[in-house]
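Here chain A shows up in two complexes: once beside chain B, once beside chain C.
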Partner chain A sequence: MSMTVQKRLMRELAEVERNAAAEFDLGSSEDNLLVWTAVLRPPAPSLYQGGVFHVSIRVPNTYPMTPPAVKFSTRICHPNIHWKSGDVCLDILKTAWSPAWTLRTLCLALLVLLDNPEVDSPLNCDAGNLLRCGDKRGYKSLVTMLTALHATPASASSSPN
Partner chain B sequence: MATDNRSQLHCAPALALAAFPTLLPEYSAPTHEAFAIALAGGSTTDLGQALSAYSGIVSIKGREFRLRLELSASTRLADAVVEGCPALVQLLSGCEDVVAQRIKQSVDLNAFSFELRDLLERLVDAADRPAATGYVLQQGLRSSEFYTRVIEELDAVGWHNVSLEDDTLSNIRFTARDDRQREHSLIVQPHPQHPAVPPTCVAALPEPFRILRWNSASSLSNVFQQFQQALQRFQQLWDDLDEIDANTWVLEPERPTRDCCHRRMALEHNSSVQILVNPKAVRAVPECRFLGADSIVNPLRDAMNDNISQWDETKPLLANLGIVLNVQFPSPATVSREEVTVACGICYSYDLGDSVPDKVCDGPKCRQPFHQACLIEWLRGLPSFQQSFNTIFGECPNCSKPMAIKLMPAR
Partner chain C sequence: MASSAYSDFDVIAQEERVRDEIAASSELVSDPLPTSVLLDEYKENKDAFRDKLKDVTSKYDSFRRVRGDGNCFYRAFGFALLQQILHRGTEEQARKLYQQAVASKALLVAQGYTEYTIEDFYDSYVEVIALATGFPKPPAAYDYSTGIPVPVQQDANSEPPKQLPWPLTAQERALRESNLLAIFRDDPVASAVVYYLRLLTAGHFKTNAEFFQGFIEDGLTVSEFCAREVEVMARECEQVHIVALSAALDVPVRVVYTDSSDSTSQATEINFQEEGTAAPTVSLLYRPGHYDILYAR
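For the complex of A and B:
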């Protein structure tokens, strides 16, 4: 790991510990600063409220020049998140990445994405199609049900991997 | 050691050869490549034995050299002739007089072999580190008079002002306090031919410290006095710079030394001003360089041009700068370092090698500083990257506003 990455990640870790957020936990793995885990807890008005979503974040050696690789390890029903693999389709993780983003702001962006799906680039076509057809009620009940099934602490959490 | 070794050789030849100093008396004259270092006669050390030649192998730091020492008819060690293999001769070249001196001073062959071993070890070290050769030889040439004289002179200086950096008196540290109780050090390296040749002095002063009027009657206490006088000359400079160090956030240098005449002081909005003070004219207008976003720095530059007539050479630097630039410097008492030293928006650190984040986005709401190297690395990877001569164009990673970055050669 280069010094630049290490220095920057140490700063980010300190920053995360200083400003803990209620909506998510974020931390690096004990033995590898390049492996991070986020736990998202979408707050009240969100469709996903009550769910607890684990996200694995792998930081490349070229960070922050290239974005980290993000995957949901908890199953989630969302048009831009792959049901099986947990891959996320988000512009800032691809072309719109900028070194100004941090892992912390990335988690905020993921929370925003949950309630603002981009139906034109779906990874989960079934969820996307419901929204495209305007079936908001169907989409809402599907998401609520699958969140309760897969992402509540009570539910036996099933992982896509 | 010379005669007893014969029996050792019988029982354990390998052992006897490995443990230098090992010189064995020989009864037939060797025929190996002879290269003699003629040694001038001097002391009358008598070996007290009839053997006239010794030869053996010297093992120094993994390297082996053949050595032969032949005594003349007088059997005095000082008249001996030392011969060696070509590698040894090459190693000793230039040090013949040292070998001669050592052999003269040695009481017996045993003592000489220890001296020779010591010298060879130093030379082998020096051969590995070519820069140190001169130092090694200097060390080898010091006489007891040198030490006596230097110690006497240090007595005169006063031992409370002296601390020794090593036990060979080759680096002596003098410590002096100036009128304001600031502590200053002077490293003195007495020359082996002290006092005929003046010592070398190293001090952290804004101008190099030179010894004046040195003659063979001069002593180290003259040097100490001259150092104290030299300190007097810079009192005003240090007073003014200390005031700046205490009352502003100095970003560079991080730990200013006494020879350092420049300071980079933090200003508001991620900008800073670097001043270079002339130690000969402390209170004259210093050379100023502004760093930061143009929208912040240009008004400062204008203010300086407009108010330069108000510069008052009787006032301290900090007061003058405050008036001329019309700014209040953020003070360490009220502002934390994190607030003034805003880290680079890409690598999140402040120091990156020698460079600091001095490329600043001009956006009025952004003003995010970046290291030049970080910014270039990022912008180069973008499809929109453009370069025209020494200016590169791109978007601020923080606010996406177009940026034009003038490349400065790396310092």
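For the complex of A and C:
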């Protein structure tokens, strides 16, 4: 790991520990600073409220010049998140990444994405199609049901891969 | 729609391979080359573009190629600026550039940037400025082993402690220039310097938002424009970015434009920030979509 990445991630870690957020936990793996996990708890009035979503984050050696790679490891029903792989389609994870952002900013962006799906770039066509044809009620009940099934502490743990 | 056969992790690995291949095939900043190389490169062209290049070779005898990765303007500007300071700058200009570099982080933080996210880029920028000007690098504001801020006395207006032996001897100039070139060719420091120049550009846009709003299209606010077009690596720049960066650092920039429009056989020169006082003029060659560094005869 390069010194630049290490310095930067140490500071991000210190910042996260000093300044915890209610909507998510974020931390690095004990033995590898390049592997992080976020646990998102979307607050009301999110469609996903009550759900607890684990997200694995891998930081490239060129970070923060290039964005981290992100995967949901809890199943989630969302137009821009792949149902099976957990891959996320979000511009800031690709070409619009700014090196002045952090893994913490990223978690906030993921929470914003949950309730602001971009239906024109779907990774989950079924969810995307419901929204595209204006079936908000159907979409809402599908999300609520699948969140209860796969992402609540009571649900049997079901994760992609 | 993305295929599920490849994950983001695979894509990132692939992108890293592509980046490495590009890195292996072209330097971030090349050695100086005679401008006649450009005429050879376009010897098939019989149009106004070649006439303009001829015009360029009559006024500028050499140039340096800068990698065409979307950051070429900032990279060309940064290296050419420090080289101008070394070769033609006065002690006063060197001090001004150094002092504004040291003061710049506080200005960016006042613009809303989070200090610890811009700290590394600032450190790299101040490091190259210190290297070129000979002023000492201020101590880091963080203990890197713990990530905890340590209090540092930083007063941008205080006199730098070391007096310069200025003008520099030819030997000292050559030494500093070769060190600068090594840094500008070495990632991640080179990228960090480029990114800090982007932040300084964005900071100037935001400080003068009222003025720049008129130049921004698509109904974006100045902040949105910066987030989309300035603060992202590899996003190409337009003239308004040059206006902002040359004004931010008070550095005069001359861009020599070459293209194939046949209204004139002469390359058009545009001077940005003609009254700049922080450095001698930085000259850049523009070919459509790309900037390189030019040296006058």
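Criterion: the second predicted complex is superposed on the first by the 161 of 161 C-alpha atoms of A that agree within 3 Å, B and C clash if a C-alpha of one lies under 4 Å from a C-alpha of the other, contacts with A are read in each partner's own complex, and residues count from 1 in each chain.
The rule is short, and it goes like this: a contact is a pair of C-beta atoms (placed from the backbone, for glycine too) under 8 Å apart; a residue touches a chain by one contact, two chains touch by 3 or more.
This is a predicted model, so every value here is computed, not measured.
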item	value
Three-chain arrangement built on chain A, chain B and chain C clash or fit	clash
Which superposed partner A:Pro99 touches (first chain B, second chain C, both, neither)	both
Which superposed partner A:Val70 touches (first chain B, second chain C, both, neither)	second
Comparing the two partners chain B and chain C, which touches a greater set of residues in chain A	C
Touching partner for A:Arg8 - first (chain B), second (chain C), both, neither	both
Contacts of A:Arg132 with chain B and chain C, given as first, second, both or neither	neither
Candidates 6-14, 24-32, 204-212 or 258-266 of chain C: the single one with C-alpha clashes against chain B	204-212
Intersection of chain A interface sets (partners chain B, chain C)	4, 7-8, 11-12, 64-65, 98-100
Residues on chain C engaged by chain A in the complex (per definition of touch)	1-2, 4, 7-9, 11-12, 15-16, 19, 113-114, 116-121, 142, 144-148, 187-189, 191-192, 195, 199, 227-228, 231-234
Chain C-facing residues of chain A, complex	2, 4, 7-8, 10-15, 58, 60-62, 64-66, 69-71, 82, 84-85, 87-89, 93, 95-102, 121-123, 125
Residues of chain A touching chain B in the complex	4, 7-8, 11-12, 64-65, 98-100
Chain B to chain A touching residues, read off their complex	343, 345-349, 352, 368, 374, 377-378, 381, 397-398, 400
